[in-house]
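Taking it in order: structure first as structure tokens, then the write-up.
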Amino acid sequence: MKPRLLVANRGEIAIRIVRACRDLGLEPVVVFSEADRTALHVRLADVAIPIGPAPARESYLVGAKLLAAAKQTGCTYVHPGFGFLSENAPFAQAVVDAGLVWVGPHPASIEAMGSKTTSRARMQAAGVPIVPGMTTPASGPEELIAFGRAHGFPLLLKASAGGGGKGMRIVRGEGEVAQAFERARGEARSFFADESVYAELYVESSRHIEVQVLGDTTGRVVALGERECSLQRRHQKVLEECPSAAVTPEIRAAMQDVAVAAARAVDYVSAGTVEFLLAPDGRFYFLEMNTRIQVEHPVTEMVYGVDLVTEMIAIAMGRPLSCGDASPRGHAVECRIYAEDPAQGFAPSPGKILRLRWPGGPGIRVDAGVEAGDVVPLDYDPMLAKIIAWGGNRDEALARMRRALAETRIEGIETSIPFFLALLSDPDVVLNRISTQFLDTWRFEPGAPDVALEDLALVAAALAEIESVRRSRGAGNGPGAPSSRPSTSSWRSARMPFGMRE
Amino acid sequence: MKPRLLVANRGEIAIRIVRACRDLGLEPVVVFSEADRTALHVRLADVAIPIGPAPARESYLVGAKLLAAAKQTGCTYVHPGFGFLSENAPFAQAVVDAGLVWVGPHPASIEAMGSKTTSRARMQAAGVPIVPGMTTPASGPEELIAFGRAHGFPLLLKASAGGGGKGMRIVRGEGEVAQAFERARGEARSFFADESVYAELYVESSRHIEVQVLGDTTGRVVALGERECSLQRRHQKVLEECPSAAVTPEIRAAMQDVAVAAARAVDYVSAGTVEFLLAPDGRFYFLEMNTRIQVEHPVTEMVYGVDLVTEMIAIAMGRPLSCGDASPRGHAVECRIYAEDPAQGFAPSPGKILRLRWPGGPGIRVDAGVEAGDVVPLDYDPMLAKIIAWGGNRDEALARMRRALAETRIEGIETSIPFFLALLSDPDVVLNRISTQFLDTWRFEPGAPDVALEDLALVAAALAEIESVRRSRGAGNGPGAPSSRPSTSSWRSARMPFGMRE
Amino acid sequence: MKFRARFTGPGEGKSREIEIVSASSPLEIRLDAVDARFDAQVTAPGSFSILGPSGRHAEASVHREADGTLRVHVGGQRFDFEFLDELTARAMVATGSGGGRKKGDLKASMPGRVLRVLVKKGDEVVAGTPLLVLEAMKMENEVRSTRAGRVRSVDVVPGQAVATGDVLARFEPES
Amino acid sequence: MKFRARFTGPGEGKSREIEIVSASSPLEIRLDAVDARFDAQVTAPGSFSILGPSGRHAEASVHREADGTLRVHVGGQRFDFEFLDELTARAMVATGSGGGRKKGDLKASMPGRVLRVLVKKGDEVVAGTPLLVLEAMKMENEVRSTRAGRVRSVDVVPGQAVATGDVLARFEPES
């Protein structure tokens, strides 16, 4: 019998892992909550085990249920995907303790990188550059001025007890320090009941760049280039590229060395990502390490010609790295297609997908979690799919992505595709003039309506209306009766296709 | 306004050209016969022109209609795809004469390579190796024996007026010559009313290997490696690879040089393919040159990281080659998915596609000409799509292809997918022990039924039957009424899905 | 059959007239009182392949939204119409009424759970005033006012689950 | 409801019994008189997601062929059944008859045009004898006999268009 691997996840990444298993000759076992009984990751599976109610905390987040499913089906391996329990060190340990193989880093590596403060201290000790900052609260304005003189302005004042951007304040010169210190303390007190504040160097117009690393059980650790992830909305990546057009060969070499050093410092095994903040002057600083596969891993795969998920599994089997010598070719870009309406402030748009066409042809890869007819549940992340486009260079990759997005048809729910079509036509994006702040101010404007299309739309609407009237008169029993009947589901009543004669 | 390009083809290759236009910023104009009014290549188009009745000789093969469509829509370029008029020198000339740009080689190059005998003579003059053969009919057994002594046995006796394998006879030694000569003459007389026969060297266990070439208007000609196309059924390629696992670096270098020399000999511009017969001893012989894009071009694209169709268009625009320095990476394999039933001797299986799922994920490319709901017409080639799988090496590419084929679901018509799944599991195919004769004797056997699957199938059939009975009693007016109604179409009556409650 | 289409999405307020003289093949259509040549083929329920003048082609899909709007996806763009038949259109012209939609109601554009209500009865709001926060798909979504007015009633409470189209609050518009 | 399934494709001639004790959730099924646990969900008309013992899962789609056969695509495999309900099954056992299909008829398995007819009434054929040539999708397709027998009638002529299921010829089987 083939060795079995438990896929401890759902949706698109579960399908990604199912495919990796099949490519390697393993048999994947999937799990599903009650909301996912007929989800695509189950439909594609040969073995599927129920693990409880829809809420993730009662199913996908319950380690004991996942372990029971693995035991029941005779699995040898457990792959956590991303999200859910993927960076949960106690679960990774429980998997190991149960005699199973965890497809990921040692629990201790997850633990070491799990806390932002601990990991920074450990990285600093390993010689990894971090954003210069005070390690204790500022005693007063003088200490802030001294810090500014040592590291340069602007500074970012932060509440020691803070988070989520609250109580943060940018200080652009010595003259602003005294007033800013008082205000930041006041805000810290009112938000967090703790007036301690400290300063970091504030890096303006910075980019989010991350390096893919892979380590095997022989102790070898390699870096497979970087990804450009600066286009973020609400701190959520929306579009990623490989390589970054802002990263020179020198920066890349230095960043890769640092990333490998960071991984080595925690005895890293498996695939991981070291995130950096890249300043416009080329300096870069460690942010954090993600001890799992990333959503955006396909852009690296297409450029380096590797399969990171099969590599993770092979490493977990004890095999040495097979892609240590991979070299980059061309450029890849990924768009995360979400069920949300960019014309309505990105409001979630769950519901039934009435029509669906994914793009195809040269340079296009689609990793989808849904098909036509599927209902996108409210219970989980609204990512429907990732569309990845490869081209010989960045311009070709962007052109192919625009073509692929225009070819895609998703009806019944709204998606982020119109947003991406507008974003990818923006001159700043085309010319790579972006930073992590770019989308804070960029506004989505749907393109001007095409007059010829408006005519075609009117014709379609009028024909549908006539059919609708005809049908309501004829009581729907003739040959032109609706082939899709209304049901009581709110999705369907909200978005009902016209029943037309074929 | 964007420059426009007329896509003088239909189906999958028309869509391939539409995508290339969009990737380059050109506007494609498609044409359609009455059978194709709602075909996918039309549905994906922004501009579509009708060119007449279903039979190709009244639509896609009528040059004047294509030229009129190009004129009417202000096209600058005409891309012929493959098949139809793609290797028709008079049509290419008519395009040029109409002041349009032909996306392909000079009409004179098409002409020069169009006749098998003329092209061989021309290639021989250019120093290209061809299979040793007599250029005049054999006067008697003595001449055949002399030829055999000069070039070796076995010989292949052929009728001078012949074709299609009729009247051919293999002669393995001098002792067989006399009798074989008499029989071959007799067959030639009865089949072709002409008893002339001649001999060629017969190359046993040979492979069909072809080299991709590209020439631009500056006179540069490059070769982009070879494709392995030995797996053929009825002289029709069914599965292609890049590179060929039988081609050593030395053979590749020599073959590429010969292919470039062959192309130069006819002043070749655009993409073309030089086909060779490769003997087990490593010697190779020119067969013919295809002066157009090939069906199997995607395997070269995936391995070399190039886009041959945009390259053809760019060359037609007068641009220099952009991919002359491309180098290979990994291995790609293509399966041509046909609407035919391998369990019924590959009988055509046209009809309505009721359900369709294409594969996705890493390393998979799908170039499809149809979607769910489409009716595959009887009028044209039954190729539905090409599935292409890339992997780091041949084994990985084959594993991914098996996974992709297993993931694919096409219902309502039969397809060649079960045939490919069996073929790709054959040890001879896996170990690359193939030749052009391989499929002559290989027999498709569906895999042994899986007992657990049989149980699941029984449950599904019983539930469908119960619903069917329930429905016929309830007259179909309840909430569980059929959502797809029977119609009078023969496709639909032949293959009717059960109407089940959702 | 003649329709007056009032645009409710992009190009809101615009109005055009379409008359289907014959819906069977070949189509006879008058657009804003001018004869126009189109060919429309149904490819699936509510889906059309439409050929217009000069070979212009697009796929169009028509859906009816919960509020009766016709939403057409065509060539990557989206158009929303309200269709008024001849009688309704004439009546509207006569009474000057704005059609059947109650513009004073705030309806849920998605299903979710009310996390916070940020306004109360009698509050004055302007375009952009945050009204309440809905949770759906693991995200908080602030619902803002699109126009100025006064809150007439708040119809939900924190913690309440709502479905698409449920009335969340009612307004008395300014002027 | 109890069915006797006779396999007509791979595994031809095999027979199994399935009883759906309850078709509503949870399913109650007896396979060959043994209770079995399955969960079946309809994912589209005629399409099911079926979970069997030990988590074994597959998608299954059921189509009814022109001759009444139930064709099930499941997990990449294809099964063809004839279903006999209890009465028919009992009658079959009583009479020893072979079910409703006329095995002596050669039917068109595809639509096409008859190019050539290679046999005539009274000819003896064996398994593999070419009977006629059909043209479809630009290809010539030789239709061969699957068994030995004598031609009772040829029901088509060259040039004739045929639809799937049309009778092409009739046979008197040997013995």
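As written, the chains take the letters A, B, C and D, and residue 1 is the first residue of each chain.
The rule is short, and it goes like this: a contact is a pair of C-beta atoms (placed from the backbone, for glycine too) under 8 Å apart; a residue touches a chain by one contact, two chains touch by 3 or more.
No experiment lies behind these values; they were computed from the predicted model shown.
By number of C-beta pairs in contact, B-D leads over the other of A-D and B-D. One simple way to say how far apart two chains are is to compare their mean CA positions; for subunit A and subunit D this gives 49 Å. Between subunit C and subunit D the centroid-to-centroid distance comes to 51 Å (mean Cα coordinates, whole Å). Centre-to-centre, using mean CA coordinates, subunit B is 32 Å away from subunit D. Annotation: 39 Å between the Cα-based centres of subunit A and subunit B.
Listed for subunit D are residues 44, 56, 58-59, 75, each touching two or more other chains.
Contacts with at least two other chains are made by residues 406, 483-484, 502 of subunit B. Applying the touch definition to all chain combinations yields A-B, A-C, A-D, B-C, B-D. Residue ranges of subunit B in contact with subunit A, taken from their complex: 15-16, 19-20, 22-25, 44, 298, 301, 305-307, 309, 322-323, 329-330, 357-358, 360-368, 371-372, 391-392, 396, 399-400, 402-403, 406-407, 479, 481, 483-485, 487, 502.
The part of subunit D that touches subunit A in the complex is made up of residues 39, 41, 43-44, 49, 51, 54-59, 75.
Contact residues of subunit B toward subunit D in the complex are 339-341, 343-345, 347-350, 354-355, 378-382, 406, 409, 411-412, 418, 421, 446-447, 449-450, 452-466, 468-469, 482-484, 490, 493-502. Residues 1, 3, 5, 9-11, 16, 18, 20, 23, 27, 29, 31, 36, 38, 40, 42, 44-48, 50, 52, 56, 58-66, 70, 72-79, 81, 83, 109-112, 136-139, 141-142, 144, 163-165 of subunit D are the ones touching subunit B in the complex. Against subunit C, in their complex, subunit B makes its touches with residues 29, 37-38, 42-43, 45-49, 72-73, 373.
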